[in-house]
Structure formats: structure tokens, C-alpha cells
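Each chain gets a letter, A, B, C, D and E, in the order it is written, and its residues are counted from 1.
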Amino acid sequence: MPAPLLVPALVGVAFLVLPLLGLLIRAPWSDLWPQLTQPQVGQALRLSLVSATLATLVSLVLGVPIAWVLARSTLPGRSVLRALVTVPLVLPPVVGGVALFLVLGRQGILGRYLYEEFDYTIPFTTTAVVIAETFVAMPFLVISVEGALRAADARFEDAAATLGANRWTTFRRVTLPLVAPGVAAGAVLCWARALGEFGATITFAGNFPGTTQTMPLAVYLALQSNPEGAIVLSLVLLFVSLATLLLLRDRWLGRSGAPLA
Amino acid sequence: MPAPLLVPALVGVAFLVLPLLGLLIRAPWSDLWPQLTQPQVGQALRLSLVSATLATLVSLVLGVPIAWVLARSTLPGRSVLRALVTVPLVLPPVVGGVALFLVLGRQGILGRYLYEEFDYTIPFTTTAVVIAETFVAMPFLVISVEGALRAADARFEDAAATLGANRWTTFRRVTLPLVAPGVAAGAVLCWARALGEFGATITFAGNFPGTTQTMPLAVYLALQSNPEGAIVLSLVLLFVSLATLLLLRDRWLGRSGAPLA
Amino acid sequence: GGSSSSSDAASSTSAAASSSAGGGDLTGTLTVFAAASLTDVFTDLGDQLMADNPELTITFNFAGSSALATQITQGAPADVFASANQKQMTVVTDAGLDADDPTVFTENVLEIAVPPGNPGGITGLADFGDADKTLAICAPDVPCGAAAETVFAAAGITAQPDTLEEDVRAALTKVELGEVDAALVYASDVQAAGDGVEGIEFPEAEDAVNEYPICTLTGASNPEAAQAFLDLVESDEGQQALTDAGFRSPSN
Amino acid sequence: MSLRAHVVVQRGALLVDVDLTVADGEVLAVLGPNGAGKSTVLRVLAGLLAPDGGRVAIDVPGGELVWDGDQRHVPAHERPLGMVFQDHLLFPHLSTTDNVAFGLRTRGVRKAQARTTAAAWLARVGLAEFGDRRPTQLSGGQAQRAALARALVGEPRLLLLDEPLSALDARTRLTVRAELRRHLAEFGGCTVLVSHDPVDAMALADRVVVVEDGVVVQEGTPAEVARMPRTDYVARLVGLSLLPGTASGTRVDLDGGGLVWTGEEAAGEVFVAVRPETVSLYLARPDGSPRNVWALTLVAATPHGSTVRCDLDGEVPLTADVTATAFAELGLVPGAQVWASVKASEIAVYPR
Amino acid sequence: MSLRAHVVVQRGALLVDVDLTVADGEVLAVLGPNGAGKSTVLRVLAGLLAPDGGRVAIDVPGGELVWDGDQRHVPAHERPLGMVFQDHLLFPHLSTTDNVAFGLRTRGVRKAQARTTAAAWLARVGLAEFGDRRPTQLSGGQAQRAALARALVGEPRLLLLDEPLSALDARTRLTVRAELRRHLAEFGGCTVLVSHDPVDAMALADRVVVVEDGVVVQEGTPAEVARMPRTDYVARLVGLSLLPGTASGTRVDLDGGGLVWTGEEAAGEVFVAVRPETVSLYLARPDGSPRNVWALTLVAATPHGSTVRCDLDGEVPLTADVTATAFAELGLVPGAQVWASVKASEIAVYPR
């Protein structure tokens, strides 16, 4: 293995892993069990996983088509569209939460109608958590899937067209499977970003145990009074999400475009 | 263009763009000029751009090799390695900042030596900002580049080997150009994430105008005292970063693996 | 622990008296929006009120006061708002969302927090003018920073901080980790940090007392329970709990 | 269904401008050198490349359906096509069977049924046991056969084949060619076949179009083209030497100098075609009946089964096939001077 | 440098076990049906696939250098190779010139110099004007020629060519083949050439190895292989009909029944080889000198230049080439009964 790759890779891994080691050494392990058995922690963990997963699913449904439009269509405004899609990446999440209020809040552009017609308000519900996470995390999916689509060989799509597949069938049965590793990578990024989402969620959805308090919010609160407990909580979040990723590993690594030998 | 793609794409774009519209409508434009001319804002903006760019460069240097090791090597522990690399994705950023202290702080595992031997401390310096941003943003780069590498056709690397290129040359002259769209996408994600970084930065680097106060920190503080001003500040950050991305557009979209027609 | 904690015998007797005030007939759901620094005290008080009123459910929404103020002005379903400063309460009252005038239910004063053993050898406020020391104070935009500016002005010290923290908690974390020699924080935070930090009181703190206002809101769905919670907080029992957590009773 | 196409398309520096008609049930072979524009024309017919001009239309009951031209461009997937690409393009994420079944599935055939039909087609091209493999696990020739099966399985009305047999080994080529011929004979649609192998073209095509530099240079039945090539490329392809000249009676004065006597009479500008096996070589000037005797130089000699192909240069550039034994006896080496003779009756002459 | 390789590798269900030696300056052709393992062997020789067993070694001054085996595996980039892949694999992100220059650059040649050399090689394969194009903008045949230039430019010691000419048109094939032959003649290294085209193999190779199902079934000079094929595949390839049988004197009893008289005497298990052009067809049993007369059925007839190739079945399965005129006169259709005769002196016989 070439040293110019191996050495930076080792340095990089050390850089990413050592802080975790520091946390592990420092964590008050004796607190672990009491923390874990607190009902609020279980609730927050469950809510985090469920809402991050829902946000990822919504992002896949809405984001993969956006990526396809950016990579494959010939619309004139594509570069502006791409720039707009990256907006939530750069917006500070708290401001993102405020922006969501302006659209979906009770006085928001759209939220007003919901409230007046159906007496329904989105903020401060679990739905709001999913929306806030989706808003913040979806661009990660869009950008990485677009990259994968651009790198993929479009001639296979020609072949599908000659076999009678319209663009939708081609997308579903050829393009998507071909870029599966890219979509998987994008989904992982999106899920992780949603799982760690804090600013937009606490602003737009509030911090109600059981309905909107996700793990990062719980960690934030714990930091106020019990910093060591907060570390334990974040390690719990960490291990659960790593376990999930490791379990899914075989799936998202399934296909590689490379031949076997 | 197929409706099953176009409709979700439109919904998705609306979802991402409407909140921005809300902000634009709501922003107190008359405040814009006074805000912009505040010296602190210029400072914070410059620091944000410089440190996010440096963090992206460091991430490229360290992260692309990690992605390569994950995608191409046959090391036994790769799946664990991949899981470890995703740690900073899920760790709440504030906890990430604490973790950085544990390693690089004055009392940290490594930082202690720096302090005792050279009387140098990393926290509260611009270096600390870059480190915090790199820690949080690098995994985005690694995961998306790994996805791109997996989707790329490894047979071109065989061809390079038969032409006398060792693995390093092959990487530099064949693999990297082939996955350029994926690396570009990863770098954009990394840069945007670094630009928006808040929690780890304020924890590990602190907040001092001119040396460690980046735009997200300035926005957050402004939110406490002057929410409308905060919106203006985040729009400034937004436009500057969008302008940067649009200017770079031609570069990161340069090559497409697809034939021209 | 923090040296500011004090317990006076009078409040503990009145705590027993007020516990019967609830009467156990409150029902429904009560939603309390409270500053994050009140998490532990309010959670305990809430548990107590729920124990007295089995039909009552209390949900808390703890966050930064400014986030809470934004949420309330955006129509959040809140019955009670307890802010960590007057400024964010003003945001709510300016919007006309307060059902009755806010009252100050507790106060907080600044204290110097140093790592255990005081490795930086901090003795008093004057050390904040020493550029060689690593020091954290709050940013002027947040209440503790405004208070810090006031005390430094009063003491005639030009502060030489290394970082302007976005909240007290962030400053305290750095003290706990030994990364700064001292930070200017609230007494209640020193108390909450337990053995992690040591507190040093200083006289100029009285120049910048931070007041916590509380009020019920116009949109309250459960005004009776809201009032009961307010009463509990202002009762001797509530005040004792706050005092135990390092706050102090309003001076007027 | 018959196809009438006038394809005009700019491709880099090359302007392709080709007229094609393929009748119902007809197989048209498109021959031409590398880079002539053959694949480009197929891409236009398939609807994968919008032409810059011209018109592509097919006959349907009750009239004509325009695919390209008149402001229309029917996309590829709405054209009832089967296509074999030059680099096969099997989907890497599907098994061989699923690759072949793909076209049936897009046209609504049930999964089980589609896979059964696909398996039958795989058997026909000799890949019965390879159905579960991924394309990356096939050899080059196996992949090409799978691509052929994939194009044929949907019973397309228009079949576009871009060198469908180039990677096949000699034996398989015979069976696959026979299979393809059987299929094409039954097949009611039109076929356009691009090939470099004249044998494929002759064996499979009803008509041949030769494209060079983007334009049609010759057209006719395989036999006509084989007998009377009109360009050097075609002559090479069918193994003749082509000499342009001017005829008067049985005498032809070649444009490059030199003189040829023919059996038939002709007049004006003509082509003279010489079959390599009719050329005899001698070390000394032969005396005898052949009136055509030329002194030439041996440029190259290539063994070729039991014969040796000799490239000759001089005033009448020729190719000669002589038996390996004869070649050995003559003891020729490149650069040697030889006498070549051809009977006038063996020489074809036809107007330019 | 000479190459000695014993390649053992499992590839899916196929066990490849092939012994090869290539002497200094020698060109070895590897022939074999699709899926025989030819590309697999080349990948092992290139160092791209680690073999499961065997040994690959080359001679160097003062001894032998082991590339595979004895616990060693020298990676591809340390082997002085040039390789043309079956699907060319030009780098899509580089211009044609830069593709060709790539091997020089990796070996430390300066950029300007490398591009000059590359341009010269592109000119030699007829791509002088295409240097600035991307590979996706080349036609199939142009891409293959660029791949060939890329493999040759580095002056490799071992040249591995996997069907380097399959996409070339007839004319280009001649010139590129001639260019390749010229290069190989000057070239001191070893060449292994995989091809389906017997003409390529015969024209370019000094020795031929025939691989079927992963094992070597015949080996020899092109002429030997062409004259005395040992398997059906080889016989087809060189255009002979191969009949195994048992000889006693000039009589051979075929394993499939039937009887053949030969000119030469032989004994024991033998192969009988019949050249298609020596077979004459009759509608009625002919009287005359040929002792070999069989009643057969016409299975298929393929036009083939000026002749028609007839596949015949019966106790002595044969292929016959008859002129198109004769074929037309006989009025044969598939299924017809015919009499075939061959002179005993035209029939080759050699031990199995």
C-alpha cells in the first residue's frame, strides 16, 4: 500500500478516533446503567432513531429526484437550483429553525392555512422534529447522490432506452442500482446529520420529552447540570448509531461497480 | 421528464427553498448596511471562510486517503474503521468539542506535552477553529468519496498498473480524476458543514472576535440580543457561500463520466 | 462545592406549610417553558406538584431563553414562561402574550469559578485583568456577559479574556476541564457543578444582579395549574429549592 | 414495417449524411472503415442521438410515422427497437438472465414468464449455464452473445446490430450467425447490421450499403458489391484489387499508368477488378496465352491458411494469392522483383 | 527475456491449468473458444490476478526472476508489460495522446517528450488527428487502435494482446497488422497474443497454443496447427473437417462409422483432415477415380465470396466449398441428399 496514502490515512484516523478514546477514558462508566434505565433516555433515543430514519426516508424520496434533475436534466436554471439546494447546509441551524417557523409556523406562509382551515399546527410536534431534521440533512443526500450520478456511465441508460424503458423505468431499474453505493453513502450522511441535529430542532420543535426531545437535546440539557452524564448520553447515542451502521453495512456495501478480481 | 421524478423534485426544492424565502421576506433589509459595515462582521466572515477552507483542505489531504483505504484496501478491520470514521457525524458537536479538549487541551492526552514542552496551547486559537471544523466536517468527505470510489470502475486501475503505474501514481493520475465529481461533492459538503459549524468550535476554540469568532457564533450571539440582526447576518453568510459555490461551479462540474451525447 | 450556598432555617419550615396548598384538584396538562439553567429545580418542583395533583401532567420545554421567547411569539402552546433574564421576557410582553405582569422569582449573582485546587492562583476579580492567565467570560450579548461588563466597569478593571462564551455553561465546561484558569459565571452554576469547580465570591457582584422573571401566558390552556405552579415557585418551598441550587431570593 | 431514413448529423469534424431504406423483412448491412459514421447512424436510428437534419420515418398500417424530422423526435424507448452496442453495455448490476429479460419486463411481461423466455434465448446463443452470472464474470465473447440475446428477445420491429459477432470465436460465430440468420429469416421487421466482417455481411444481409467518411459510396446486393467494388475499401474488403482506368474495347489504360487487357469490351471510365487467386507469379517473364504480364515488386507476404497473400506494387498494384508450396519454390522475399500475369478473361470490368 | 509460465487458477466453475513458454523475441498466439480462459491467463501473466498455483518466471541476465510462485507475487506495475485489454479501457478523463503517453510518464519521461513520442505512435496507427479527442469521442475501431498504441509505446519486454484487432475494419486491420508485425519483428521481448482470427494468428505468431476449457489441447507452429488440427475447434478455425478414426494401411475406419481411404499409409488411432475445397458434390453417385464417395445430407449453405460453404451431415460429416455457379447448377436446398467425393491423395492423415 502506498505510503503517500497510508500515512495521511493513519494520521486522519488517529485524528478522528483519539478524541473518542479521550471520551471513553473520561466517561463515568459507573453512571452508565442508571442513565440508561432512566425512562427519558430510552424515549429520547427511540425518538432520535425514529425521526432520523423518517427524515432519511423523506430525504430519499424528495432528494434523489432532485439529484437526478441536477445531474441529468437539461433545465436552464440548474446551477441556480443546485446553489439553492445547498442553502440549508450553510444556514446556521437555529436560523433554519426560525426560517421554518416563517413558513410552517402558525403565522407562517403555509402554516397559517393549515391552522385556519384544519386547526392544525406543525411546530412542537414529532412531525416538526422530522421536518427540521429533513431540512437540515437532505442537502447532504442531494449533493452526494448528484456526485454519484455524474460519475456514473450514462451509456447504460441509452441501452435501457433501446430496450423500451422510459426515463422513469430506466431510473428505477438501471440508474438507481448503478449508483447504489453513492445513494447509500448519501443516506448514511443524511441519517447521521439528522441524528445529530440540534439547533433547528430545539428552535422549531421545542424540547418536549417524549414528543420532541431527541438525544442531542437531552445531551444539551444534561450538560447544564451534569456534564459527565452528558458524555455518557452521547456515548449511548454513538454506540447505538454505530451498531445500526454496522448492521446495515452488508446492505450498503452490497454492490461494487468493480469486478471481483 | 418523468413525473415520478419531477414531482418529488419540485416538492423537495420547494421545501428547501421556501424557508429561505420566508427569511428574505422577513429580513430587516434596512439593517443590512449598518450590519455589514460593522468591523466584527467582516472579521467573522473572513475568519469563517478562511477556516472552513483550511478545514476542507486538511480534510482532503487526510480524508481522501482514508476513503481510498476503506474502498480499495483489503485490510481486515475495514468495517470497524469505517464505523469509527463516522463517529464525529453522530457525536453532538458540543461533546465533540469536549472530546477535543481531552486530547488536545492543556490537560489533554497530547496537549499536555505541547503545553509543558513548548508552552503552547491549541484551544482559543484560530488553529483550534480549524481543528474543530475539520473534526466535525471530515467524515462527510470520507463517506462521500468512499461511495464514489466504490461506484468507480476499478478496471481502469488495472490498466494503469500494466502501464507501470504503482498504486500511488495510479491513485493520483487515474483513480482521483475518475472520481473527481464525487470528491468535489464531498468537498462541498465538508466545506458547508465546516462553515456552519457551531457547537464544537465554541466549545474547543471559544469565541473571541478576530481569532475564533466565526459567523455562526456571531449569528448565535446576535440571536440572543437582536434576532432580526441575526437573520441579516446569516443571510450575509449564505450569500457569500452561495457566491463562492457558484464561482467554483465550473470547476467541480468539469468532468462528467457520461459521454456528451 | 460552591461557597455561595446558604440555607436558612426559616425557609425549611415554611416549605412544609405550603405543600398542602395545592389541594390535589388540578387536572389536565400544564406546559412550562423555562430557561435551561432551571432544569433541575423546576423538574423537582414539577414532580412535587404532580404528586399533589395526580390528575395533572406537567411538561417542560427547557431551552435557551431566547429560543423560548421565539417559540412563544410563534404560538407555542405554553402556559408558563420562566426566563433567565428580563430581556427575553420583554420580547414576550412586547408581543402582549403575558397574562399577568411578570414577577421576579429568583436572582443570580456572578461568582468566579476556578478548577479544583485553583492551579491559576486566582484570588479575586483583579486577576481578570492579567493577560497571562487563560480566562473566560460571557459574551456581552448574553446576560452573564452584560453583568460581567457591569462589574468590571464598577471595579475599574480592563478584562483580558481569551474567549467570550455564548453561555455560562460553555464557560463552566472549560473550567471543569482545567482549560481556563478562571471564568466568570453565576453562583447557581458553580453550585450545579459540584466538585468539578471551586467558587470565589467577590463584592462587585452585587452591582450586576441577574433577575429571573416568570409569568403565565395569554394562550394558556390551563391557567389554574399555571397559577399553582407560579405559586409553588414563589412559595417558601420553591424558594428553598432555588436557594439549594445556588440561586437567591429576590432582594425586594 | 419499412424504414426510410435520411440521417444528417455533425460528429466532431465529420459530417454524416446518409440515406438508407430498409424494406419489410430486409437485412441491410452497413460496411465502412473505422470512424466512417456507422455507429453514429445507428444511434440516430435508435433515437439516442437527435440528428441535425434529415428525416427518419417508418411505414405503419395506413401511413407513415415520423421518428425524426418535421419537428418531431420520438425518444428511443418509444421506438420498437432491439440494439446490440459495439461495447455490449450489459447492465453490471443484473444477472445475465435479468439482462436478457429486461426488455420483456419493461414491456410488461411478468417476471417468471420473462425469465423463462430469457433463459430460452440464452440457451439459443449457447449460454444456458451462465444465466446466474454477472456480466463482469463473463468472457468477452460470452458477453457479446448475451447482448445479442438481450436485443433479440423483445421481438423488436427494428433491429440495430453494431458488430454483433466481432468477439465470437470461429465455431461460436458459425452457430450464432446461423441462429441469427434463422431468426432474421423469420423476422418480419427491418434489420440494420454494422459489421467489419464481409463474411457476416454476405451471409446475413440482403443488401449492403458502404459508408465512407460519412457518405454512402456504394449500395447493392452482397453479390453485386463483392463482384464490382467501387472503392478501394470495398475492394479490400471483398479481397479484390481495384484499378480505375479508361477503357476502349478490351484495352484499359489505368489512371496510375499501366495497361490491362480485359475479356469483355467496355468504353469510357471504368473499374477493373482482379481476384488475387487468378494472379500467377513468375521469376522470369512468362511466355504464353495471358496478355496481361507486369513486372512488379513484392511488398509483403502474409501466410493465409494454405496460401500466401502477396502484396505487389508497381504500375499495376495487385494482390496475389499463391499456394504456400509455390511461394516456397519461388523463394520470394519482400523487395523481390516478380512477373505477374492474369488471364484477360478473369478480369472484371465495369463502368465507374 | 523469455517467459515460462504454468498458470493454475480457478475462475468460477472453470479450472484453468495452462503451461506456456515464450522465447525471446517470439510471438505466441493463444487461440481458443469463448470462455476457454484466454483472458484469464493474460490477467495472471500481467500480475492483475494472483494465480491459485503454478509459477510464472522470466529469464533475466544471470538467472531467473520469479513473478508468481515461491510465495512471491510481483505486482503488475513492476512487470515491464504492455497490455491491450479486450475492452480497451482507455482512461476517459485523458485525451487520446495523454492516454498513450501515460506509460511513458509513469516511467519518468518528461511531459513534452512523452507527448511527442505518443503522437508519433498515434500516427503509426492512423490516429494522427485524433490526439486531442477524449476516448468517448472515438469510434470503436479508433479506440482499439489507441489502446494498441498505448500498450506499444513503452517498449515493454512482455506484450500481452487480447484481441487487439477485433474492432478494426478490413483495410485498417491490414495496415495495423503490418505495423504490428513490423514492430514485433524488431521487438526483443515476448508477445502473447489472444485472437479469434486465425489470419491474425497465422500472420503474426511464431507459435500457436490452443486452449480449450482451461487446458492446452494443441501446440505448434501456425503451419503445423493449420495442417494437422487436433480438435474440432482448431479444425473449424483453420477451415478443415476433422474425423477421428483407426487406420490400417490406407483405410481408416471412422469412430463415427463410415470409411475413408487415404493416400498415405498409417496405423492405429489417427485423425483424418479434409479440406473443404477438395470436396466435390454430385446429385447422383459419381463413377470415377476417387475412392471416397459418401451419401450425405446438406444441412446449411452459406455464401462466402465467390464460393458457397456447404455443411454436410451423414456418416462422414464434412464441409464443402463449391463455386456459386456450381451450387446454383446443382439447385441444392438444405435437407437435400447429395453425393460427396474426395480424392484419397487430398486427404491428410496423422496420429492422434
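The definition used in the following text is that contacts are C-beta pairs under 8 Å (C-beta built on N, C-alpha and C of every residue); 3 or more make two chains touch, one makes a residue touch a chain.
Protein names from UniProt, one per chain: A, B = Molybdenum transport system permease; D, E = Molybdate transport system ATP-binding protein.
Please read all numbers here as calculations on a predicted model, not as lab measurements.
Chemist: Strictly by the touch rule at the top, which chains does chain A share as contacts with chain E?
Modeler: B, D
Chemist: When the contacting C-beta pairs are counted for A-C and for A-D, which pair yields the higher total?
Modeler: Counting C-beta pairs in contact for A-C and A-D gives the edge to A-D.
Chemist: As a test of understanding: of all chains, whose mean C-alpha position lies farthest from that of chain E?
Modeler: C
Chemist: With chain centres defined as C-alpha means, what is the inter-centre distance between chain B and chain E in Å?
Modeler: So the centre of chain B lies 55 Å away from the centre of chain E.
Chemist: Give, as an integer number of Å, the spacing between the C-alpha centres of chain E and chain D.
Modeler: Result: the chain centres lie 21 Å from each other.
Chemist: For chain C and chain D, what's the span in angstrom between their mean Cα positions?
Modeler: Distance between chain centres, rounded to whole Å: 89 Å.
Chemist: Give the residues of chain D that touch two or more other chains, as numbers and ranges in rising order.
Modeler: In chain D, the residues touching two or more other chains are 48, 137.
Chemist: Which positions in chain B are in touch with at least two other chains?
Modeler: Chain B, residues with two or more chain partners: 94, 98, 101-102, 155, 166-167, 178, 180, 220, 223, 227, 257, 259.
Chemist: What parts of chain C, by residue number, touch at least two of the other chains?
Modeler: 70, 173
Chemist: Provide the residue numbers of chain E that touch chain D in the complex, in ascending order.
Modeler: Going through chain E, the ones touching chain D are 12-13, 32-36, 38-39, 86-87, 129, 133, 137-142, 145, 162-163, 166-174, 178, 196, 198-199, 202-203, 222-223, 226-227, 232-233, 236-239, 275, 300, 302-306, 324.
Chemist: Along chain B, where are the residues that touch chain E in the complex?
Modeler: So the residues of chain B touching chain E come out as 155-156, 158-167, 169-170, 173-174, 177-178, 180, 255, 257, 259-260.
Chemist: For a test of understanding, state which residues of chain D touch chain A in their complex under the given definition.
Modeler: Listed in rising order, the residues of chain D that touch chain A are 46-48, 75-83, 85, 89, 91-94, 102-103, 105-107, 136-137, 150-151, 154, 160.
Chemist: Can you name the residues of chain C that touch chain B in the complex?
Modeler: The touching residues are 64, 66, 70, 87, 134, 136, 139, 141-142, 161-166, 170, 173-174, 177-179.
Chemist: Name, in rising order, each residue of chain A that touches chain C in their complex.
Modeler: Residues of chain A touching chain C: 94, 98, 101, 105-107, 121, 123-124, 202-203, 206-210, 220-221, 223-225, 227.
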